[in-house]
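One structure is given below, encoded as structure tokens.
Residue numbering begins at 1 within each chain, and the chains themselves are lettered A, B, C, D, E and F in the order written.
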């Protein structure tokens, strides 16, 4: 599929003609009283929105989230937001690409490689309590861990994003423990692996991701703490022993501030580092996307998740990077 | 003991002569290089500080927290703080009062009455999941629940304070559900009973109360959530079933704001009410103490736990109340 | 009227056919340049909005606030907001219901009962200065007090809402003074009755409520303080005598924080309690409405007046409550 | 007295020998258990503190606030705070200066001149309601207005400071209305004269100034609003007429922000200007004092009332100013 | 042109017929899928918006920013915002007014008078370093200084606004140094002249003003500091000499708070005064515009740049001012 | 000197006997009126305070900052702060260690190695403008860069700390650009090298470090921007060319938030990363010191520069680390 033109490859005003997935489809009423469908198109290159005007009842039934469609139109900019002006839309027919999986954004590392990396790191968790708890919890949520996104939107909101984000933090953590040898590497690695595992309970899954009731009422931080405490009984561990408390604290404090949902602020060197590495990876991932979607010499739209800042893309890119 | 004069009964400049408990004793160095002991005296009427100057090594060994002493001195005010100027101090001798228990501040309701009240309320928790979880957790922490204070300092910092504070909230809750019948009474009662139960893990016990490592690294809110999740297995409950989630949410959100340590803000009517009743009882308890310690016609010192406000005690007290 | 179906009784997608009041009618321009009327329909069950498209000049003249209309349409949800899709609209004719009063939301307690309750409570204000000031001010604003809403929107925004909200606080206050006998009941009751009386000057009246110039430039808190000071002269009271100051402080501090418009923070035990009971009643009233308008198993829209939180309505309601 | 050396004229380490007033005298206990008196000395040049060690009971009786004393000692700096090391202290004897009035800081404009300026400005208040209200209220608080300080500490904390601060604002206001002719000069002048008049009720008087109970429970902003409303009856004015509301709003909003104690934010052009001129004059007065007390080439101590900032005094002063 | 009716002279519902400048023209898509042009019309009386519906490709090419057009329509209010309903629009023809300059809002003082005022003030900067730096920098940015606006929007957003705002501050400064003689007048004047000079680099110019890349990445405060340092070399000044540092500090701190973009808070008396005079002039300018655009007896829209406050225009204007 | 016992090697209550440097010596007055000297002792292991009671005038002359002394005493803890109780103190005599340099804390990397690392990195700055600006500015401040501390206190407050902190960030930056190849490595490296170079102007030097006047009035961020602009003239660069602006922005925004003194927030991907790496290195350095000074199983004192948090040192250290 590499040679084919994808959704994000079109320039402004270029004619668009390709198969894409309907990521979401909301029926709304226009100010003239007629209904239209607000669509988000997606393929592995990214996503972009478009409006399907004057939708009939049949259109509303056909064009729903999860369908692959054939789209003809024009790439435009609407008040700095990219969008597709739709000329023609129809469902993909048998014999054409109809498998949604082919169009879903995926982590840029395959699952086997990610499993390898995690398994290698677990060997480095030489403290037995932490090692056992990580194995036990990862065992229970194995499949979700390698397929869930890391968030509903913002950063790493793609299939496998949760494991990929975790691995990015682990890579940073490996550099950091080498540079600052006083840090307790096994604690940092164990905390990094578990810190967002609660998202497998907080979120509904890799596609059309929403928050579960448990996610809304409890939140991923406390959900995984509960599961960790619960795992202590079969492992014959005391949830209030010092080593268990240290690992629980790593997870509970990783948002850094009470205002961001951590019930305690980091009180361990490693907890503070985990929080910072988490933020570093998340913000670089967001910034890469933001800058990629900005024309050279322009400022991006305001990025809500980064305090509403706008980011500048210089007219010359990094020398190491081929122009995309 | 009612007829005897107690620590808080002395007026400024009055001579003091009585048995008291040493609640705490810190050895410090004066600016002239000599050591002194900063003491806090306590009996059931309250507590007050005093300084024992030019302490010998023997004094330092004798006058430690938990000892009953005979105190002679004068009640003074040091920059609006009451204190005792010590004239003479000695350990209580055999035959004199030596049992610390006699001097410790206690909840103004005895344990049997508190147990009765709690048991009665549990009958009103007609929803089976909540009833079973309350019984199970209260069963595990029964003794601590009825003897621990509700806090290290500030409000209800006395023996039995945790249960007494819980019961005060339950009484308010009974009035409120009668006035607003849409509220789910069993949920509000179950949440009220469990909301601070984690303090039995967070705090060290009824005397010389300090924070445990679990208290410092995890905090009472998440500690009891962990225990609740853990209790689900023997009770064959799913910790992510809706009814369990509702009860967990009551506990987790009861501080009201993320900044105050709740990992989620109240998202249930009953959770919002529990938070408000908790604050109402805690603040009235603090205010009663503050106003009691202020002379009529004067403002109190600043109360740190109430935003640093100072409170005025009018020259005339409430008509219902006998002058104290 | 109990047997007839009312505005809030219709389910989503159900056909609507009934008489309702036009609570408000704003003429706006659609993005296609044609005018439409944004209507809010009201009856005693609540209110809901709808858009009347392509309005002629005659429609604009007919469909104005205060008219009773016959409405045919369909109950819909527009981005989680309930609304009516209008099929047919006409003014009520002679012989049909045309009295707006029949459609206006009212306090769930009749005026006579409310007057009784207030009069009973005044007997409990045994301190003569407070008793006389309450009688004097209530005498001057009697009619407004029993008919005005407590707010333009948010909570108790219905006819008689001001008195009903005051009575709800007084009921809570009665429970509280029984449980905490050190509180000065007459002061708390007098403060509760007067705390929002300034709204009779701040607001324009029970229907199509707006802010007056005095409301905008001075605010209800200071307006009633001014009236209280002015009432001192005929009553031969000194506005700076301690007992008058205590009552003024109750009123002035009842918003709790300077940021919320109180020129002083509560510095009396009773002032702090009044502030908390005011918040408790206001928030329960809002939450009852919010939860009532939410489907079981769903989260409400964000509630602006409650920090933008969303509230969950469990799939099972309180056992005491009949399913509505 | 101009030729005599005054308290603030001594350099660091210089021997001090002069008559001064005891502005305040607090008996405290040293960490060695002996009592000392924390004194503040004052004359018309300013004030400075000193400690009188090992005070006898007789010393405590003699050296009280309001006494004139003969002081011998040395000017020192204690952690950047100027202070006097006391060598010898005694009460002033008959025949020596004993009148406290001679040592109290005074406004740099005499009372007659201040009365003239105010009277001239009242003539410019051409709107009759505002003119009558200003005359009526100023008439009632005439003597206090010309003798009270503008604050307990911080700025204009000297005899006549209230009137002097008011006049400084009026002078600025005259320049401003000339430069911006759309401003309503009579409204600005009337608001300026009344804005702090409530301090005559909030504060106890020109010497040993403290807050009154009315000051603590109500505050000067609302106190003068109450008096203004009360003045409406004899003047046959309606306190809710537009012109009266405008003047009340000027007073009520002059602190600019709710957080600073104004129950409403400025909603009139003139109210916004009054707030800014009030801040401008107050901050220049504070800064003049702060910079005067700082050595050239040094930074001042942190100024609490100016956000804890430190201010630099350049090595060269303003060319217009003689070196002081 | 004085006698002709201008854009802001029309009352609501009045027919509009005049030549105006297109200040901006944004092509947007209506919710019915058709494009329209959102226009802002401008002449020397002010600006007002209007929508040109169903725009053809030719319309889009014709009606662009900078064109003079003949406009026929009606003055309306759309949700309290004034706007023009367009009946007919065409480009101005040869022989009709076509010079944009004739329609651009200008400072209410001509350039020659502004140059005079600035030159006079420079004579009063008697300190040689400051005098030379002011002359040098003003020399380099002379033309921009007298033609640029002071801001993209908000206050003084008109041709010559930068110099006019500077002069307004200087006039206030002259009054203030007369009233408070300890202030260093040359420093205050030099700081005032340079404080916003960086806007000549930050902004693109007097028409269709946008931010430059330097403006976005560096900001006017630091931009002019850089130019000042750079000017030191040819003038043989040390950028870290005390007198240069004082002037740099005046510029750098003039926003008053770090949150407002000043890298340091004012630490000089004169810097604090400059900050306050800057705010005073800016807010009066904004308020004059806001109140002018509000009907007597009404509140304005919320003013974003003044904390979202709404301002009241009394029914009677200032006596000095003729009704406009 | 490695084998000798150093200042930080003594346990609580252990007798101390060694040569140390007086880092600071403040003469203060005890509450009994006698003077004492508050000393800070330092050697390469760290620093600790002690009080020299009843100091004579000769003692005050002898024991001044910069002197090497022979100290005998006892290591104690005063309210969780470590201190030395002094038994005997005398100046070091000829023949004993008297060179302060031997006792000053130094970066844990020697100067030659640091120069090498910096030079290597400069080769990687392949963009010519950035390379030339870095060389030019580093050339001017070479000696200060390799000897100054990175701060007056908090982190890297030792000789060579500025270069060492810069190199730590560069090491992190090398890992990060490898992991995230879209980042512009030359820009990140150039920004990292220059970001704190202004500290060579802001601070007075490696010993007894204080803020200069330029540091206090301008701050290191803007100081180095000024020098960069000034360097453009000899290098024939335009300070407002895009590449120069990018580098200036890296420096100006590196504190991340306006509240922390950056006049602009990061608007480049690399600027955001630089800010985060700066914080990461600074906080790990602080945490290492804090945890090192805490006993296993204890919480540290509150760390002001880390939001007042207390940090826990687990009973078991990191496996990689030898027990210290």
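The rule we apply is simple: contacts are C-beta pairs under 8 Å (C-beta built on N, C-alpha and C of every residue); 3 or more make two chains touch, one makes a residue touch a chain.
Heads up on the chains, UniProt names are A, B, C, D, E, F = HD-superfamily hydrolase.
Note that this is a predicted model, so its numbers are computed, not measured.
For the pair chain D and chain F, chains touching both partners: B, E. Of all residue numbers seen at the chain D-chain E contact, over half occur in both copies; the interface is built from largely matching residues.
The rotation relating chain A to chain C, fitted on Cα atoms, comes to 120°, given as a multiple of 5.
Each chain gets one centre point, the mean of its Cα atoms, and the points for chain B and chain E are 60 Å apart.
Taking each chain's centre as the average of its CA atoms, chain A and chain B sit 45 Å apart. Put simply, the C-alpha centre of chain B and that of chain C have 38 angstrom between them. Counting only residues that touch two or more partner chains, chain E has 30-32, 213, 216-217, 242, 246, 267-268, 299, 312.
Chains touching one another form the pairs A-B, A-C, A-E, A-F, B-C, B-D, B-F, C-D, C-E, D-E, D-F, E-F.
Of all residues in chain B, only 201, 212-214, 216-219, 221-222, 225-230, 232-233, 239-240, 242, 245-246, 248-249, 252, 258-264, 267-268 touch chain A in the complex they form.
Interface residues of chain D facing chain F in the complex, by the touch rule stated above, are 30-32, 34, 36, 51, 53-54, 78-79, 299, 312. Contact residues on chain E toward chain D in their complex (touch as defined above): 126-127, 168, 171-172, 175-177, 179-187, 242-243, 246, 265-269, 272-273, 276-277, 279-280, 283-284, 287-288, 291-292, 299, 306-307, 309-312, 314-315, 317-321. Put simply, chain D touches chain B in their complex at residues 28-33, 213, 216-217.
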